[in-house]
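Shared between the two complexes below is chain A, which has chain B as its partner in the first and chain C in the second.
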Partner chain A sequence: MRHLLSTRGLARDEAIALLDIAEDMAAVQHREVKKLPTLRGKTVVNLFFEDSTRTRISFEAAAKRLSADVINFSAKGSSVSKGESLKDTAQTLQAMGADGVVIRHPASGAPYTLATSGWIDAGVVNAGDGTHEHPTQALLDAFTMRSRLHGAASRGKGLDGVRVVIVGDILHSRVARSNVWLLSTLGAEVTLVAPPTLVPVDTAGWPASVAFDLDEALATKPDVVMMLRIQAERMHGSFFPNSREYARTWGLDDARFSQLPTTTMVMHPGPMNRGLEISALAADSAQSTVREQVANGVSVRMAALYLLLSGERGELR
Partner chain B sequence: MARTVLNHADISRALTRIAHEILESNRGATDLVILGIPTRGTVLARRIAELIQRIEPSAPVQLAGSLDVTMYRDDLSRSGIRMPSPTELPPGGIDGRTVVLVDDVLYSGRTIRSAFDALSDLGRARAVRLAVLVDRGHREFPIRADFVGKNLPSAASERINVRLTEVDGGDDHVTIEGGAE
Partner chain C sequence: MTESFLITGATLPSGERADIRIADGRIIEVGRIADAAGATIVDADGLIALPGLVDLHTHLREPGYEQSETVLTGTRAAAAGGFTAVFAMANTSPVADTAGVVEQVASLGTAAGYATVQPIGAVTVGLKGEQLAELGAMARSRAGVRVFSDDGFCVFDPLLMRRALEYVKAFDGVVAQHAQEPRLTQGAQMNEGALSGELGLAGWPAVAEESIIARDVLLAEHVGSRLHVCHVSTAGSVEVIRWAKARGIDVTAEVTPHHLLLTEELVASYDPRYKVNPPLRRAEDVEALRAALADGTIDIVATDHAPHPIEAKQSEWDAAANGMVGLESALSVVHASVVENGLLGWSDVARVLSSTPARIGRLAGQGQGIVAGAAPEVTLYDPSAASEFALDRLAGRSINSPYLGRALPGRVVATFHAGYATLLDGVVQPADEVARRAAALVGGARG
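Then we have the complex of A and B:
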C-alpha cells in the first residue's frame, strides 16, 4: 500500500489485512511497554489545514508508538496563513525528508493531489478532506464493530450481514462516505437516514439504501446505529428549521434508545453534541462504543502507518 | 532436486530429545515458558510443551506461547511488507521465568536477535534459551542454540524447507534443495 486516500478503492482482503494488523497493534496498547521500534528513523508529518484535536493526537500517538518522529504542522499561525500554496508546503516537507504525511484539508481531493502530483515521495494518509473521505475513521469504526461482534476471534473476518444504520448529516459527512464504501466492501448492509435536505443529490451509485424516517429504520432492529455529528460550522443553509426539531425527528433520544435491542451498538465519531443528535443516556450506555472507537483509532492508525511506511518504498527512491 | 533430510519419525525423536534436554537443564518444569516464533516455531513450541507435560505431569498446563518478532526485524525497509502474527504469552507472562525460544531453522541469527528485543519489551525473563529443529550455520550474529534437533551444514545457495502437518498438511518432513551448480 503506497497511500491511504479513500476506502472506495480498498479491496476486501486489503481492508481485512489492515484490521488484522490493527489487532496486533491493539495488543501492544495493553502491554507495559507500549512502543514498537518498527518505524525508528522515519519522519511522519501531521499536516492539518483544518482544526482537529482527536484525529491529530490519535495519529501522533500512533506514530510515536511505532517510534517514528512526529512533526505537527497546523495551518493557523504558519506560512499558509501568509499565502503559501499546498505545493510549496509539500516541497518544504520533501526537503525535510518526510517519509509519511498525514493530511487534513478543507478541500476535497487535496490528499489525492498531494499523493499524485509528484511533489513528494512520502506516503500520504488522508485524515479527512472536505466532504470527500476520512478513511481511518471508517476503518476504526469497522474494527470496533468487528471486535464487539467477534471478540478475540475477529482475525480474518469481515462484517458480512451486519446491518448498519447511519443517521445525520450525510451531505457534508466524509465519515459517512468512507463508511458506506468500506462497510459494503466488508459485506455489511448500510442504510442512511437523514432529513432530505442533508442527503446528497445523487446516491444512486452508493452501495447503501436511503431512508428519511428514523423510527422506521430503528424498528428493523439494526446491529449498529451510527450517529453523525451535526456540524454547526456547516449548518448555514437552513437544512432544518432548528436544532430542537432536528433532535426530536432525527436524534437518538432516550425514548428511541430504550426501544433498541440491548445488542445494538451505538456509535459516534465524536465530538458529540449531547442532546442534539444523541442523548446522554445513549452516549454513556454500555451499548455505546464511543470510547472504544477512540482507543481503536490509535491501533488502526498504527496499522495504516505500518503498511505505508515499512517495506520497500519502491521505485521512487 | 529436493532431498529429504528428516522424516516424520526423525522430527518426533528430535523433539522428544529436546523436551528432555530442556527439563534436564531447567531441573524440571517450574517457571518454564516455551515461546515459538511464528509460524512453524509456534507449532514446534506447542509440540515440545505437550511432550514436557507427558514427561512431567506436574508441569503447568499452559506452557507454550508465541512471540511475534515482525515489528522488531532489522530488514523491514529492505523487503516487502510483512504481516505480523499474534503474540500470545502463557498466563503470568515471562517475568522471572526461563524462556525457551523455539524456531524451525537457525540461519543468520537475525530473527533471534529481533526476538531478544521483542522479549525485553514484554518483561524481564530470568534466562533465555534457544531451541531449533535445524541449525544450518552461516551465522551473522554471536548467537548459538542451546538445543538443536539436527545440525545441517549447508551452502548459502541451498534452501531448507521445514514442513509440519499443522501448517502445511501432509506428513512432517525437512528437505534441502538447490545448491551450487
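Then we have the complex of A and C:
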C-alpha cells in the first residue's frame, strides 16, 4: 500500500488484511512493553491543518509504538497561517526526509493532491479531509464492530449481513462517507438517517439506503447505531430549526435507546455532544463502544502506518 | 503602400474554394485571382478561411493582475487562437467602471496591435452590486463601451438589474449577466450532484444559474431591453432561454468551449486545472449545450479566457482559483465538440465565433465575413492537423489550460488582423513588428 487516502478504493481483501494486522497490533497493546521496532529510523509527520487533538495523539501513539520518530506540524502558529502553501509545506517536509505524512486538512482532496502532486515522496495517510473521507476512522469503526461480534475469532472475517444505521450530518461528514464505502465493501448493510437538509442531493450511487425517520430505522433492530457529531455551525445554517428539535427528532435519547435490543452496539466517533445527538445513558451504557473505538484507533493506525512504511510485510512478533 | 496578401486555394466557410486578396485595409477580392503583383502569397491549400474570430468574453487582467496576463500577452494568445477581436472583461484592478479605465485598456490594445480590444464596462461600481457605474460615460468614452458586465459576480439585486437593463437602452448597450445566485452558491466548489456528494466538495447547483436567468429574461421582457447571458452551463438554462426566445424576449446567450467538451468527472482528480466558474457539469448538460448551439438557442461561443499564475493552480482544490485559459484552444475545442459530430458546419462556426458576437457587442469592423469589401480580418485553420495540445500552443502569460496533454483536432495556421499578419505559419508574429504595423495604420488614418 503506497498511500491510504480513502476507503472508496479499498478492496475487501485489502481491508480485511489491514484489520487483521490491527488485531496483531492490538495484541501488542496488552504486553508489558507496548513497543515494536518495526519503523525504527522512519520519520512520520503529523501535518494538521485543522485542530484535532484526538486524531493527532492517536496517530502519534501509533507511530511511537512502532518506534518511528514523530514530528507534529500544526498549521496553527506556523508559517502556514502566514500564507505558506501546501506545496511549500510539503517540500519542506520532503527536505527533512519525512517517510510518512499523516495529513488532516479542511479542504476535501488535499491528501490526494499531496500524494499525486510529485511534491513529496512520502506515503500519505488521510487523517480527515474536508467533508470527503476519514479512512482510519472507518477502519477503526469496522474493527470495533468485528471485535464485538467475533472477539478472538475476528481474523479474516468481514461484516457480512451486519446492519448499520448511521445517524446525523451525512452531508458534511467524512466519517459517514468513509464508513459507507468500507462497511459495504465488508458486506454490511448501511442505512443513513438524517434530516433531508443534511443528506447530499444525490446518493443514488451510494451503497446505502437513506431514511429520514429515526424511529422507523431503530425499529428494524439494527446491529449497530452510529451517531455522528452535530457541529455547532450547522445550527446557524438553517439545516434544522434548533438543537432541541434536532435532539427530539434525530437524537439517540433515553427512550429510543431503551427500545434497542441489548445486543445493538452504540457507536460515536467523538467528541460527543451529550444531550444533543446522544444521551448520557446511551453513551455510558455497556452497549456503547466509544472507549473501545479510541483504543482500537491506535491499533488500526499502527496497521496503516506499518503497511505504508515498512519495507515488506515481515513477521510480527 | 501597405502590405498586401494573396491567400490562395482556401476553403471558405461555405465550402467553396477561393483565393482571397487583402490590401488597402480591406478584403478587396475573393474568387479566382491571377494577378497578385507585389502581394505576399499565402498557400492555403487544405485550410479553412474563417472571418477573424471575435471573443465576447476575455479576461485580459490588465490593469492590476499583470502577473496573470496583460493586454499585450492576452492579445498574443488571441492571435494564436485565430481571434482578431476580444471583449475585455471589467474585473481588473481598478475595476473598469469609469471612462478612464476603459480608455486605458482600449489604448493598450491599439498599441499592441494583435487584435481589436473592446473593453466591457462594469455594471456596478467596483463590481459590488450596490450602485450603477458610470455606464453613460463609458459608452460615450473613446472606448465606446456597449457591453456591460460584473462578470465574476452576479448582478443579484433585482432592482439594480432592472435599472441597468433599462438604462443601457439609451446607447444601445447590453447587460451581460454572470448568472449565479450568490446565496445558493456560498463556498461552492463544483457542480452539485452525485459526484459532489461523493467527493465532499460543496455543490454549485444548476438552479442557482437557472433561477437568475429566468428572473432576468422576465425583467428584460418587462422593460423591453436586450439581455446577454454569459457562460450558460446547464440543460435547464437552455430550456429557460429557449422559452424566452420563443416568447420574443431579446436575449442572447453564450457557451464556453470547455462547457461544450469537458464534464465534471474530471474533478474527481482534484486537479485544479478543472476548477472553473460556472463549474464543469454533467454529460447531459454538455449534450444539451451542444444541441442548443446547433439550433440557435445559444447564439455564440465565448472563451471566458481566465489566466491565472501557476501558484493559483498548484494547491488543494478549495484554495485554487477558478478559471481556464481558452483563447488558443477555442477553435480546436469547438471543432472537437460540435463540428466533428456534424452538429455545426464551418459557416455556423463563422456565425457563432465571429459575426454574431460582433453583432451582440455592436463592434464595427469585425465579423463581416470573407467577402470583397469586408474588413481584413481572416483566420486560416488547418482542420486535418490533429495533435496533442501542448505548451507550445499557448501564447499568453499563463498556462492554466485544461487541454494540455489532450488530443485535439486542427490548428490555427494564420491570423490576419487589420490587413497584417498577427500569426503566420502557426507562429505569433513579433511584438515590435505587429506594433509598428498597428501604429502605421493609426498614423495613416490620422494622416
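Just so it is clear, the second predicted complex is superposed on the first by the 307 of 317 C-alpha atoms of A that agree within 3 Å, B and C clash if a C-alpha of one lies under 4 Å from a C-alpha of the other, contacts with A are read in each partner's own complex, and residues count from 1 in each chain.
Quick note on the criterion: a residue touches a chain if its C-beta (ideal position, glycine included) is under 8 Å from a C-beta of that chain, and two chains touch if they have at least 3 such contacts.
Predicted model only: the values in this text are computed from it and were never measured.
Enquirer: Fit or clash for chain B plus chain C once both are placed on chain A?
Expert: Partners fit side by side after overlay.
Enquirer: What is the contact status of A:Gly275 with respect to chain B (first) and chain C (second): first, second, both, or neither?
Expert: Touch status of A:Gly275: no partner.
Enquirer: Looking at A:Leu36, would you say it contacts chain B, chain C, both, or neither? Reply first, second, both or neither.
Expert: first
Enquirer: Quick check on the superposed pair: does A:Ser85 touch chain B, chain C, both, or neither? Answer first, second, both or neither.
Expert: It touches chain C, and chain B stays clear.
Enquirer: How many degrees, to the nearest 10, separate the directions from chain A's C-alpha centre towards those of chain B and chain C?
Expert: The three centres form an angle at chain A of 130 degrees.
Enquirer: Applying the touch criterion given at the start, work out whether A:His105 contacts chain B, chain C, both or neither, answering first, second, both or neither.
Expert: The second partner, chain C, only.
Enquirer: Quick check on the superposed pair: does A:Ala27 touch chain B, chain C, both, or neither? Answer first, second, both or neither.
Expert: first
Enquirer: Is A:Arg177 touching anything from chain B or chain C once the two structures are fitted on A? First, second, both or neither.
Expert: Touch partner of A:Arg177: chain C, not chain B.
Enquirer: Looking at the superposed set of three chains, what is the minimum CA distance between chain B and chain C in Å?
Expert: Between chain B and chain C, the shortest C-alpha distance works out to 28 Å.
Enquirer: Looking at the complex, which residues from chain C come into contact with chain A?
Expert: Going by the criterion above, the answer is residues 189, 192-194, 196-203, 205, 269-270, 311, 314-319.
Enquirer: Spell out the part of chain A that touches chain C in their complex, as residue ranges.
Expert: Per the touch definition, chain A meets chain C at residues 8, 85-87, 105-110, 112-113, 116-117, 129-133, 171, 174, 177, 200-206.
Enquirer: Spell out the residues on chain B that touch chain A in their complex, using ranges where they run on.
Expert: 68, 71-72, 76-87, 117, 121-123
Enquirer: Within their complex, state which residues of chain A touch chain B.
Expert: 1, 17, 20-21, 23-24, 27, 31-33, 35-38, 155, 306-307, 310-313
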